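Notes for the one structure printed next.
Chain IDs A, B, C and D follow the sequence of writing; residue 1 opens each chain.
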Amino acid sequence: MAIVLGPNRYGKAETRLVRVTRDGGTHSLTDLNVSVALAGDLAATHLTGDNTGVLPTDTMKNTVYAFAKQHGVGEPEEFALLLARHFRKTQGQIDQVKITIESYGWDRLGPHSFRREGAQTRIAQVVATAGDEQVVSGVTGLTLMNTTASEFHGFIKDRYTTLPETRDRILATAVDARWRHLAPAGDWAASYHGALDALTTAFVNTYSSSLQQTLFAMGSYVLSTRPEIAEIRLALPNKHHYLVDLAPFGLANENEVFIAGDRPYGLIEGTVTRDDAPPATAEWYQ
Amino acid sequence: MAIVLGPNRYGKAETRLVRVTRDGGTHSLTDLNVSVALAGDLAATHLTGDNTGVLPTDTMKNTVYAFAKQHGVGEPEEFALLLARHFRKTQGQIDQVKITIESYGWDRLGPHSFRREGAQTRIAQVVATAGDEQVVSGVTGLTLMNTTASEFHGFIKDRYTTLPETRDRILATAVDARWRHLAPAGDWAASYHGALDALTTAFVNTYSSSLQQTLFAMGSYVLSTRPEIAEIRLALPNKHHYLVDLAPFGLANENEVFIAGDRPYGLIEGTVTRDDAPPATAEWYQ
Amino acid sequence: MAIVLGPNRYGKAETRLVRVTRDGGTHSLTDLNVSVALAGDLAATHLTGDNTGVLPTDTMKNTVYAFAKQHGVGEPEEFALLLARHFRKTQGQIDQVKITIESYGWDRLGPHSFRREGAQTRIAQVVATAGDEQVVSGVTGLTLMNTTASEFHGFIKDRYTTLPETRDRILATAVDARWRHLAPAGDWAASYHGALDALTTAFVNTYSSSLQQTLFAMGSYVLSTRPEIAEIRLALPNKHHYLVDLAPFGLANENEVFIAGDRPYGLIEGTVTRDDAPPATAEWYQ
Amino acid sequence: MAIVLGPNRYGKAETRLVRVTRDGGTHSLTDLNVSVALAGDLAATHLTGDNTGVLPTDTMKNTVYAFAKQHGVGEPEEFALLLARHFRKTQGQIDQVKITIESYGWDRLGPHSFRREGAQTRIAQVVATAGDEQVVSGVTGLTLMNTTASEFHGFIKDRYTTLPETRDRILATAVDARWRHLAPAGDWAASYHGALDALTTAFVNTYSSSLQQTLFAMGSYVLSTRPEIAEIRLALPNKHHYLVDLAPFGLANENEVFIAGDRPYGLIEGTVTRDDAPPATAEWYQ
């Protein structure tokens, strides 16, 4: 038996970049959080501290800033591809480059004035390997609620079940979604906003018997409206809203007064996919 | 010398209430975080554990939920006044009631569907004493940026000063504001949205020589447009955006590429007031 | 009526300083988060953007780092006094300097090796004005629990009360305390550790009829054992542990199985003071 | 082409359990955060909202509390195994049960008194499938620092490299580790504390040429001292401490004064494994 190095990677996480573009007096703004991770032949630094194959993570950070100037940023998927290709091309010892970008939206208030929108964060992720560039987009923190049109009944009852069946409840979730594109090129802005609209529309329009049913409806609607997307993974916390028992106060609670709970919460995770989609070439939703 | 009890208070913090109102098939939604604090003759419980003058904090929580049903919620200032008056009226041993409410906005997506807006949180606070009801409103988490029209120069230089003067910088802040109303009645919704608009408009329109100047402009504009407001306190973190030095890479950075810094940050705090405003009857911005 | 500038201050918040001291091969470590706030004649920058009376917050940050080298750090109260005196002495336009320091503890593992202790954060705060230097110390995040020896009964019952009386409950809190010293000099390390021990000992040894009673016992014990302390403010969240109803499963719960709740929580705040203590010269616990 | 359901699971996350055990007047305390996730034949609820195969997540929560009474808790790995076996045995439609437990430590202060230790959180995770029970333990938030005995040089320099080589730097990290056990039985307490000691000892004793080298040394030492562990995954953020340039103030900084940086940070991830270890039967470190 020997003790050996297994899978590994390294990089610079959370480089915070704001890129301003000036078109005369009208400015535009990109606000990103960029993480780089490289994997490949990195045994020497682990085993002996020999760093001849190690590009410093500080250099990765510098590259992010320099590229923002040299090439501009554009859509986050584009910038992730640009960075991934650079590290693939220049670092022969590296087999896999993973670039993850969080993009924060700002609403325009004037030619050079902006207000941070807080509703959700856009995600872009590229994994570049020898034979492939896999592009994943996503969103996190998109919080949605239906105050009715949600039921939950017909479930298993065992010794530990006390939950009453319900024909009318609040359904609320904070959507965390990643979707894998079929190709490493496209109209990334249209695709993102289309997917976001599809997620929201399906949540609103689904009469729900379970959060699982809503999840599948959301994923299906994204795939049926966005042909460029191969599959989608949704992680949906069930943000429980508990009906308050007002009977001790002589009051009836007709689905009007709720406790918004923090913990625990249900967590529903699922993938919706095209049955003819080519398989992923790298982990894509973890 | 004796060891004695000084100022004290107690209450229930962060009761999370969601109130749904149904107008036929069209629902509306209020999402609040309610905190109650009572002060008065509470020596017995501190000194001997005699709780005959203690209303349980659990009862305060129940009251929040029951009142949401009995009276509805309305604007957060209204609900805070309702709760404050109840505890003043029913708890003879209590001199001062403080109700603080955070209100989370939701955008309508359909008759019973909503998306949480994340841009800012609305605040309402009422302090009710024997002779007065003081109403304070506010906002937190309103993040604004001007990508130009901000200078900073002419400041003190001492042995420890290395900051270069600048005629063009990013100015960004996350507005945390509280404003004190002249009277405990009013059109709270119009007042809040008017104040929010005034803060934003003044930030956008002020050519800034310092964040202090912007702060005073924001406060002044609120007071000049909202006659119902006596004074306003602003706490403005200077969310520094550092120009990246691209010279080592043979590149010029013409105010295009910035590091968004986390810590440290400048913190500018100031009050703007009417010189004829009656004094506050309780602490109001801490 | 005119719109005028009211109370204001500015400074640099959260300068993160790690200071290593080398005594031969044995190192020691100080890990601080330093915030500076200055108040005084700052009208010009607010009203006209004239910065001739403004020391940049960047300079404050530089001063923190330079002083850490020039003078060393020592106990956080000492370092706060050093910084406060510097700004008072050199900035004639400033009436009040407030230095707040969070200090993070590290346990020694070897001559140059350390493990961050996470149990609590030490606080030191100095407010220096023309006639006074007020020193406040404190602690935050000290989480304590008694699994018995806590009762709660004899409280007010009204229409909205459903809480049952109890003769045996868990009492848990995360201590947030500030204590004001009588003089701006002393053995700060001994004072801090003595106060911390007193808080903990009193929590452990008090048979509690209410968290208020425990609060007063904790504050009293600090004052009775630490003559250098004038008064103490405690903010004690009641970290509720709810007894789980196991009856539906045919099980009895004899104070064994609890839900650790997040929100809402009781919040008990109180000051314990010496009746002959000179009054505070600045706000000290907010 | 059809749109189909892919991999999925569901469960209750973050059930907060405090279990008190009374041995006469001496109490002991277990403080856990338990998450349950089930995977199997769950197509019906996704596709049609038919919940006949769905055990409510509320029931999972109830089961956690009831089992804490019925069976006690013991070490977190034991409790995770107990819960996993229960759901495997009773839910025929479920192929895989994943139980994840965070365990928070408390130091004893007296027979029924405790102080929360904040230094790190213990992790236990069980994945039970038809043929296997895989047990993973771990730790998160263990923050370690060496103030010397760390170098970084000999790395790749390209156009974007500005980092100077160094022969003496601070090395600090917040250890996030998971280790996979060879068998689903053992002395879990001894194993956890032994692994924790090995991680800490190896960090302290390794003269480091790179954080990768330290990572491998830590992982190797765990495996060489703990025969019951098959492999270990470490994720080590490089908590950068930047040397402050004091030259502008006429001061030399001989590795004494540092900025503790927040973002960006290096992130080093790697697995150390026995070359004869049987493969994992489920994902184990994500």
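Operating definition for what follows: a residue touches a chain if its C-beta (ideal position, glycine included) is under 8 Å from a C-beta of that chain, and two chains touch if they have at least 3 such contacts.
In this text the structure is predicted, and so the values were computed from the model without any measurement.
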Labels of chains that are neighbours to chain B and to chain C: A, D
Chain whose average C-alpha position is farthest from chain B's own: D
Inter-chain centre distance, chain C versus chain D - centres from mean C-alpha coordinates, in Å: 31
Euclidean distance of C-alpha centroids - chain A vs chain D, Å: 23
Between chain D and chain B, distance of the C-alpha-averaged centres to the nearest whole Å: 38
Two or more partner chains touched - positions in chain D: 16, 62, 66, 160, 162, 248-249, 262-263
Chain B-facing residues of chain D, complex: 159-160, 162, 248-249, 262-263
Residues on chain B engaged by chain A in the complex (per definition of touch): 16-22, 27, 29, 31, 62, 65-66, 68-70, 106-107, 109-110, 112-120, 141-149, 170, 200, 203-205, 241, 244, 246, 248-249, 251, 253, 255-262
Parts of chain D lying in touch with chain A, wherever the complex brings them together: 1-16, 35, 37, 42, 45-59, 61-63, 66, 90-91, 152-158, 160-163, 208-210, 212-213, 215-216, 219-220, 223-224, 231, 233, 237-238, 263-276, 283, 286
